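Inspection log for the structure reproduced underneath, given as structure tokens.
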Amino acid sequence: MFGEYSIGDLGSIFVMQGFAGLILFSVYVLMALGLAIIFGQMGVINMAHGEFMILGAYVTWMTSNVFQSYLPGLFSGYFFLAMILAFLASGALGMLVEWVLIRHLYKRPLDTLLATWGLSLMLQQAYRSIFGAREVGVDLPQWMLGSLKVSDSIEVPINGVFVMGLTVLITMAVAYIMYKSRWGRQVRAVVQNRIMAGAVGINTAKVDRFTFALGCGIAGVAGSAFTMIGSTGPTSGQLYIVDTFLVVVFGGAASLLGTIASAFSISQTQSTLEFFMSGSMAKVLTLLAVVGILMLRPQGLFALKVRK
Amino acid sequence: MLIGHQPKPFLLAVEGLTVSFDGFKAVNDLSFYVEENEIRVIIGPNGAGKTTVLDLICGKTKATSGKIEFRGKELTKLKENQIVKAGVGRKFQTPSIYDDLTVFENLEISFPRGRTVFGALTFTRDATVRDRVHEVAEMIFLKDRLDMSAALLSHGQKQWLEIGMLLIQDPDLLMLDEPVAGMSVSERAKTAELLNRIIKDRSVLVIEHDMKFVEDIAHKVTVLHQGQILSEGTMEKVKNDPKVIEVYLGH
Amino acid sequence: MNDNRFTTRSELIGILVLAALLVVVLPLCLDVFRLNLVAKYLTYAFVALGLVICWGYGGILSLGQGVFFGLGGYCMAMFLKLEASSVANTKIQSTPGIPDFMDWNQITSLPLFWQPFHSLTFTIAAVILVPGLFALIIGAAMFKRRVGGTYFAIITQAVAAILTILIVGQQGYTGGINGMTDLRTLKGWDIRPDHAKVVLYFFEVGLLFVCIFIAQFIRHSKLGRILVAMRDQEDRVRFSGYSVANFKIFAFCVGAVFAAIGGAMFALQVGFMSPSFVGIVPSIEMVIYTAVGGRLSILGAVYGTMLVNFAKTSLSESFPELWLFGLGGLFIAVVLAFPNGLAGIWQDHVQPRIDRLISSRKPKSESGWTDNSVADGAPAE
């Protein structure tokens, strides 16, 4: 398939597709971060994660509409507010879901998978009833359109670089929260020994609720980023959930660095392959490669050998 | 090392056994030998690597280096179920029994026949099986409870049931991880009696903290400390070893 | 209770009640259209039955049963499609004698992997063996490496996603998103008219009972008890000398083969096969049939499948927007409140009442004949 391209062409193709894949990478990283926190730290499989992302996307869409109608002068800056609102909305919903549903199921991980799947169906239907079945698209402010010309054959989309930058910031913030803050220490204490953590005065129920909400909130931010690569519909989130789970397990659950590396390799493989073949075959090949590697190395890319 | 090279073949010979977890050596260049029909007790402070040694022998954990020879077979290369077939049985620290099955079914599953998929499908509960289950149930004081769900047994009875499940396997080497932990005094005495009865024709490797119990049953004691042997010999000798007193018995 | 009994008395009654319902009551009470719907539901019951063995007993949650349903269904559909694409039937195509969708996709000769599906014997073998071997490969790769639980569930889900995208993408070979439609005859016997549907229905019910008996046999064999034991204490089973992986592979393969039989019956009964029965959504829906029926109950799986599908059909006919809320709510309710599904409700609430009724009428007679393991209950219909 590479036959008809020269080496120089191929180089440009890889770089261009690489940058084109940046937004996909960002969405994967943000989705996977949220999932990894919930799955890796709490052992809960959140099948409704895609719907939390889509909530963020709808919030972004609504914010852009409000700005367009009432504050057209400030439209260029709406995205920042939209992201914060997306985080808050998804986080709040996450907190509610944890309280109603998840906290009863911590001892039955396979059952959380089924229950959250049920939740995802209900959320999809709720979106359909509220926002309609048609997919909606978000208008980007002028400054995010267009691209930077790096060389004659290489152009980089501005929104890609922007989202990428944001992703880096959020990832660093999450890393700080989980590994450096007092609260992150409490989360890890609960993960390692729930009973002991409770005994030394950590409010485990509260830690669980905020961890879950944080994961969902990050998914909401992923939804904001998502509006730049696709239109938002009630079932758009479902398409991402399997990919994101693969990102998490491929990276080795509970490893932040692994999650990022695996999101990068998966999104880049897919984006690069898409140039050479149909999108669906690119996806099949990518997923096949991931599943194949996981069969050979089930612990994922980055995993510690633990005494057990 | 107390025991040098002796003409009589050992049942179990562990040589230079090492396992490291991310650089931490839980067991470090460990060598010891168990004879036929010997009861060996391993003692040592928490984190000394006692359970890890059992894990290594039964194949639960893979050794980083070293040899475990059992009846001339190299165990480090075998899978867990092959190690069982070779004649090693292992009891876990917390009683691992099948709560959803009856006592009879618990024992039956350990009966060494029909261990392949096809064998298990076509397994029939004939007189041999039934007699053996009843025989073992009597030994482990659970004769009247065969039809009871195993979940309803007391903690001590669960421990006995697991010992019974090992007995029915008829292993040449029986490994017990804290068999009397959490037992009442009377249960403890009964367990000692049980162990003394079942060690005929087999060797036993026991991890135990209860010194009274150890004195009752041990032929020889190995003291582990930080993954290495601190002392080895009779209980009397070990008890008076100043190194042992310092790290373990003195506390 | 110490005997290897094939079925207990209460189970036997349950099987007889189900048989009476499927063989006598439903065919007498329903018109052909409704009976045909039941037949369609029952094809999923095979999947649910397989999940009882694989998930309920073996503890292996597969979210990719649609893959096996689809493989079985596509194998059958390929045979039927070839028969429907005889040269005489496809005269107007630019290449007569090949399936219509190939002709539309500019394929001019029958692909090699389609050739053997001219033979019914090969097809029947393929319906069993293709999904069986596929499950064997996945199972061996995963279980030999001690991969299980949620991780396995995610991988199977990914496999379902891959297969769907592949079927949709390779239109020329698979019929794409529309699937294989317009299936007509089986060895010259028209499968479309009403009387053929009725015959197929009874054949399907027969096959279902064969599968139920196989499942019963597995459950009451030592293998069934080992599966239960493994679910509780995998290490104990391993250190009792069993290769845990082999038993899991077996349970997974049984689930796959049952699902494939259901898929093949679907192609025959409904007359088409499409990727919409393969992917993530149908696969997870199949899990809910089992969960609603009770994951430990062989007969519950059949009732659960029928009930959920009946609810789906009637709700989506009258209130299409409510159906997803209903299904989602059902998932949550079953998991939170009734982890043992209908069979659990039957066993905890209905069975004791019946027992009391019987024992109050005939004091002292046979008290305690009900098995204390999870009874297969027939919920009131």
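Each chain gets a letter, A, B and C, in the order it is written, and its residues are counted from 1.
Everything below uses one rule, namely that a contact is a pair of C-beta atoms (placed from the backbone, for glycine too) under 8 Å apart; a residue touches a chain by one contact, two chains touch by 3 or more.
Please read these numbers as outputs of a predicted model, since none were measured by experiment.
Innermost chain of the displayed assembly, by C-alpha centre distance to the whole-protein C-alpha centre, is C. Distance between Cα centroids is largest for the pairing of chain A with B. If you average the Cα atoms of chain A and of chain C, the two centres end up 34 Å apart.
Distance between chain B and chain C, defined via averaged C-alpha coordinates, is recorded as 44 Å. Distance between chain centres (mean CA atoms), chain A to chain B: 48 Å. Against chain C, the residues of chain A that register as touching in their complex are 39, 45, 101, 104-105, 108-111, 113-115, 117-126, 128-129, 238, 242, 245-246, 249, 278, 280-281, 283-284, 287-288, 290-291, 294-295, 298.
Those residues of chain C whose C-beta lies close enough to touch chain A in the complex are 61, 63, 141-142, 145-147, 149-151, 153-155, 157-159, 161-162, 165-166, 168-169, 280-281, 284, 287-288, 291, 321, 324-325, 327-332, 334-336, 339. Chain C meets chain B in the complex at residues 1-4, 217-218, 221-223, 225-226, 228-229, 231-233, 235-243, 246-247, 250, 372. Those residues of chain B that touch chain C in the complex are listed here as 58, 60, 79-81, 84-85, 89-90, 92, 96-102, 104-106, 108-110, 112, 114-117, 120-125, 130, 146-147, 149, 162, 165, 169.
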